[in-house]
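Note that chain A is present in both complexes that follow, paired respectively with chain B and with chain C.
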Partner chain A sequence: MSSTANADRRTQLESLWEHDAVKIIAVIGAIYIVYALIGLILGYSLDGIVNTLRRMTYLIAVYGMVTLALNLHWGYTGLFNIGVAGFMAIGLYVTMMLAKPADPGGAAQYAGLGLPMPIAIIGGVVAAGLAGLVVALPALRLRADYFAITTIAFAEIVRLGITSDALQQFTILGAELGTGGGRGLIRNYDDPMNVIFQLEIFSSFVDLTNSLFGFGPTQARALAYSIVLVIVLAGIYWLIQRTSRSPFGRVLKAIREDEEAAQSLGKDTNMFKIKVFVLGCALMGLAGILWRFRRTGVTPEAFRPHVTFYIWIALIIGGAGSNTGSILGSGLFVAVLFEGPQYLRRVIDQLVAIGDAPNTFAGAVGPLLSANPVPLVRYTFAEFLTLQFVIMGVALILLMQRRPDGLLGHREETAAAIPLGARPSAAGGGSGGGGGSDSVSGGGFAHSQTRDQNDDSDQQTDGGIDAETVGTQADTNDRSEDSESSQGSESSDNTYQTDDSTTDGETQ
Partner chain B sequence: MSDRSTDVQSTEAEPTTDTANTSPDTPTDANAVSPSAVDRTGEIELAVDGLVKRFGGITAVDGASFEVESGSITGLIGPNGAGKSTTFHCITGIHQPDEGTVAFQGQDITGIAPYECADYGLVRTFQIAREMANMTVLENLMLPAKHQQGEALWRSVMPLARREVEAQERDLLERVWDTLEFFEIEHIAEEKAGNLSGGQRKLLEMARALMTEPEMLLLDEPFAGVNPTLERKLLEHIHELRAEGYTFLIVEHDMDLIMEHCEHVIVMHQGSVLAEGVPGQVTSNEQVIEAYLGGEV
Partner chain C sequence: MSTVDDVVTRGRSLSTEQLLLIAVGIGVVLLVGDLILGVLDGSYSISRIGRYVTEGVLYGLIMGLAGIGLSMTYSILNFANFAHGDTITAGAFIGWGGTYLIAGWGAAGLGHLALVGPQRGLGGPQLGISITSTPVAIFAGLLLAGVGTALFAVLIDRLAYKPMRGAGGIPLLITSIGVAFALRYLITFVYSSQSRGTTASVPSADLLLVDGYVSLDAHDGTLIAAAVVLMLGVHLMLQRTKLGKAMRAMSDNKDLALVTGIPTERVIRWTWMIGGGLAGSAGYLMVLWTGTIDWQFGWLLLLLIFAAVILGGIGSIYGAIVGGLVIGISMHMSMIWLPGGDFTTITAFLMMILVLLIRPAGLFGGKTTA
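Right, the complex of A and B next:
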């Protein structure tokens, strides 16, 4: 009896899991819970925990935006763009140069055009799109692998161009501008979020966060900024969903599958490729702007190629071709691979007394000869953050071997503006199809169809369960460490990091 | 543009095993209308004149000239390396011919881009079926239709314009189902094209070509690797479509099949046209026997 009830509940859960919104909420929720637990273990106070979650949200939103744009390029159209960082850099730098005041003010700063922030943002997005056009026009004639080389070369040209002395300060049409070269640009314009911060309502938001979490004004601002980013992410998700679920998106998929066949069916594939490349690059530019335009400054170092590869890892985790997967992939990438090692280290530090690490690798390996592994363990732990890259590499290899289609499994989102499926009107009627009624025609046909649907749902739940196991694994990890905590731990510094957005640095 | 939707009516009652080869003279289903508004029967649909295509030192097509009559099934045969496929590529814009002209319905279409070719009403299939493997059969068939508003990005995104796009999609889906019924492949509608059998892929490829609303179809070895039952079915469809006014140019190796089903046969050898005429004429041509039939007939 109870087993059938369980089965019922299971099928209920499975049908619930099929909704994309549920997937996103469940995964992000799991991430929040895990990080809240981590915060508890580390002895954070409430505002510290909420701030940690806020920081996660901020990172997931930014990575989500770029991953969605990359999904448009690679997942839908098959354009192998590995120059993501370059387009992000163009967006941010152009915006900053447009927004910086024309009067340099301080000693070591470069002049900008002093334009209002909305115009500066539009300028940055347009510039990134135009850069995409410049790359696309000659490069789209190339085969996929050569196209990839062109994009990464372009990204490096952008980064080195920004760094170069020649562009450090230059005059164009009588206006003085500068990229700041290797020293970077300092944000000496007003906080771009002031539009919101100066609203009447915002002061009550500050009060609210203060009474709820004990936030100060800076933290409240950072929280509001993260919320804005989530809203922008939702907008981009909507835009890309519409783009991909349309005749336009259908042609994109066809280009990915077989460009020559698509051409023979009358599709001007080059036009489509250029349009979608420019759109994706503009969105990457926008994400680049939103990522860092509130920080105290920016240096070209922020746009080294590894940024591009982070985005690629997020895309691969979620599974190319799925917009929902892109968001889940960004969430898991940020929580497990990007921020995970750092927090894991802190948790271990908190729970176990590791002791002093030897200073050199030789010092760590040497004692192994006398069967003493402790120095090596200590050394490894001390170098934990360096290991992040190794962990990412291993994760990537495992993913490619075990689940090359991403966590959701091979999932395609139908490329049509209307749901395809059962014939909308009865067979033989022919004319003036009734909008979306689900009268099915022949018996045999209806049968085969239900079978197809079953297949579909099987695939999806398959992916779902796997995603869940990942979550619970992380959970159990935490618990096992929790139980170890009884073995007495010297509580080191219990201070949480008050990460303001201005100090949101990368770990590397 | 949806007026065609009623043209390609289903012939549901026809059992799949009904195989009797419909001979060219007795078209089956005549309830259909000609694809072009004007009846062009008997006129020249496609004219190839002095076509030359060189690849480095090799001349793949060497001055081929021939004409295809409107509403006919014309066979293009020749030994391997005779330049049949290259001729196809030159006609459909995949290759740029070095010399010569191609005219479709009197319009010069020499060297146009492949995608423009379909706009003229000339569409091809490939020797090896090139289905979009990761798209469903429905998506594959929704793709080719011309004048899809939603192919403009802004229309697909902007709320008001998108409503029109959706309406057009519904009409298109209706046409897709008609086409699926015509080819009797409704049962695989939601299958990924990559999961289809070889024969189903051939049907899909032909159905997809038809969705561009062409006037002439160039079929590159449509029967290669197809079992006899399916071959008969494909031929049935071809004859039905011809009766509706479509023109066919078919590259094929099976001599018997060509002789039986084509009104006009063009024999290519070493890049140029060796002989052409009605099947009987061609098979009795000494040169053709020498070059292709190996003196067997």
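Right, the complex of A and C next:
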């Protein structure tokens, strides 16, 4: 009796879990709870704990934005961009150069154009998008791995360019500008969030946070900034979600699944790829701006290839192709891999007294000969922040080996405008695989890889199913296509290969 | 099936390619013309150009040597190995540990020596390590770098790549980025992130070149000799042995090779050993040549090696060698027009991107020789 009630509740919970919003809230909530507990163990006061959570929110929001943009490139269109850091750098540097006052003022600073912040941000976003165009126009003809090498080389060109002394200070069209070279740029313009901070209502926000958490004005501002970032993240999520479910988005998925087939249905795939690459790069630029435009300054060091690597881990944790997965992925990446090891170290430090570590690895390993592991443990502990990067690398390897689809990548977000889930048992008639909708997809694309070529009857029925609301499509697919998705995850690698044989079946 | 549209797009892309080619051609002609005029009117001294070319050749030899391994794994295992740069670093550290142990035996603790002197005070210059004073230690270190890295590369393959042998090039590429990251910071964990000097100064010869001198020291000579010998060895091995033939067969058609009875798994193991061994040797020679070692020089070298390999044509070991030399020389020659050295790397990357756009198959037409 109770077992059926439990089962009922379980199915209820499971159906609740199907909602993406629930997934995001649950995961982020769990992260908050864990970090609040960590704060308690470390003996933080309330404002310290809330501040920790605020920092997590800030990082998750920023990484989430970039991961969403990368998902647009790789998850939806199959563009293998590993030059993310370069586009972020362009966005931030252009914005800062536009916003910095024309009169350098201080000694070691460089002049900017002194434009108002909104215009500077638009300038940065446009510049990042244009950079994407410059890369995409020629490079899209290349194979995926060559494209990857081109993008990372571009990112390095950008980084070396802003590091070089030659661009430290230059004059363009009579205006003096400068990237600051290796020393970077200092923010000597007003806090860009002043638009909000100077509002009447903001002072009551400060009072509120003061009475709730004991925050000072600086912390209240930081909190407001993080909240703004979350709102922007939600906006980008909405934008990309809309894009991916529009006819435009369906063409993108079709390109990812089989570019030649999309071409054969009359889609100018190169045009689509260029557009989406530019859009993604512009969003990366925006994320780069929001990431650091409020800080005291920026150096080129901030845009080492590491950043790209972080974003890729976040994307792969969440599962390429899923926007919800991108946000979950960046949440888990920040909580477990990025911030986790540091907090773990602090907690251990708090709970156990760990003595002085030996200076070198030799000093740590030597005592092992006499069966004394203590120095090695101490050394490991002291060098924990180095090991953190090793852990990240190993995590990526294991993910690629065990779960290349990440958390939600198994969802087949098909390129069809209609749900392909429930198939009527009636055998299909003569309608072709591509018929039935104005989009490219029809039935075949997402499945063409996972299904045998001779499986004609299935393919043909796809065209005849009634159209349902597009909004629930991902969820229904999720459940009803389990049997296929297990196959699909195995062979999804082939999806990115050029697979000539599949196109023949499509263009009947 | 080619439709009218196809033909039109093909024609269009062909014309952009040709336009690019013409633009690059004009650029090259302009630069060469400027070079000749500059030399004639004396604004560019011949000895300065000679120095750039010498440095470029030395740098190019290292990239070519390291590029052979990258090219081999690319053509046989079908993926761009982003961990290759950190394999180079690992090899350099392994080899130099051996050199320190032999040259400094008794002068310091074993741990200190095996870890290439992580702490200040007692390093290569103090131990007097150089090809002239401690040749045995250098050769032993080079051998250790080669053999040690070969085994290490096989170990990495076993742990990281073997479980996903059937996967496509892109998942393997992403995995290799993870390997690169883990490896780089494992090196820091073991050897520390301190950058240190490794060699004492050696006698050098100044060669007269028209209006000045080009100096070559004993380590430059060692680098040239070792690189040429290793490259010849690889050439002979690929052309004369059964293994070489099997490798060529595998890079041509893996399934066919398997059907013919070629033990593909064993060939893959040998590919990693040869590629890793050459990478380790290249790293060792790089450190011998520059006289310093740090934890990320291999990673910084990686994209340049990619540039060299792509320029020569992926899959061709001769392409990798020629590509390395071309990239090395042009990087240094770029300093004639772009002084300061800030733009050498940028030059190399731009050349790579141009080659990818104009002739993705590379100079050697993508003919696989290994």
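As a convention for this text, the second predicted complex is superposed on the first by the 411 of 508 C-alpha atoms of A that agree within 3 Å, B and C clash if a C-alpha of one lies under 4 Å from a C-alpha of the other, contacts with A are read in each partner's own complex, and residues count from 1 in each chain.
Note that a residue touches a chain if its C-beta (ideal position, glycine included) is under 8 Å from a C-beta of that chain, and two chains touch if they have at least 3 such contacts.
What you are looking at is a predicted structure, and each value in this text was computed from that prediction instead of being measured.
Judged by the touch definition given at the top, the superposed model places A:393 against chain C, while chain B stays out of reach.
In the overlay built on the shared chain, the residue A:251 is in contact with chain B alone; chain C does not reach it. In the superposition on chain A, A:243 makes contact with chain B only, not with chain C.
Of the two partner chains, neither chain B nor chain C is touched by A:171. Touch criterion met: A:138 reaches chain C, while chain B stays clear of it. Once the two complexes are laid over each other on the shared chain, residue contacts for A:265 go to chain B alone; chain C is not touched. By the touch criterion stated above, A:401 is placed in contact with chain C alone, chain B being left untouched. Chain A contributes residues 239, 242-243, 246-251, 253-254, 256-258, 260-269, 272, 275, 279, 321, 412, 414-418, 420-421, 423-425, 427-428, 430-431, 433, 435-436, 441-442, 444-445, 448-449, 452 to its touches with chain B in the complex. Chain contact summary for the complex, chain B toward chain A: residues 5-6, 9-10, 12, 92, 94, 113-119, 123-124, 126, 130-136, 138-139, 142-144, 146, 148-153, 156-157, 162, 165-166, 169-171, 173-174, 177-178, 181, 186-191, 208-209, 211-212. Taken in their complex, chain C has these residues touching chain A: 1, 13, 16, 20, 79-80, 109-112, 114-115, 118-119, 160, 163-164, 167-171, 173-175, 177-186, 188-193, 303, 306-307, 310, 338, 340, 342-343, 345-346, 349-350, 352-353, 356-357, 360. Touching chain C in their complex are the following residues of chain A: 80, 82, 138-139, 141-146, 148-150, 152-154, 156-157, 160-161, 163-166, 309, 312, 316, 359-363, 365-366, 383, 386-390, 392-397, 400-401, 404, 493-494, 496-497, 507.
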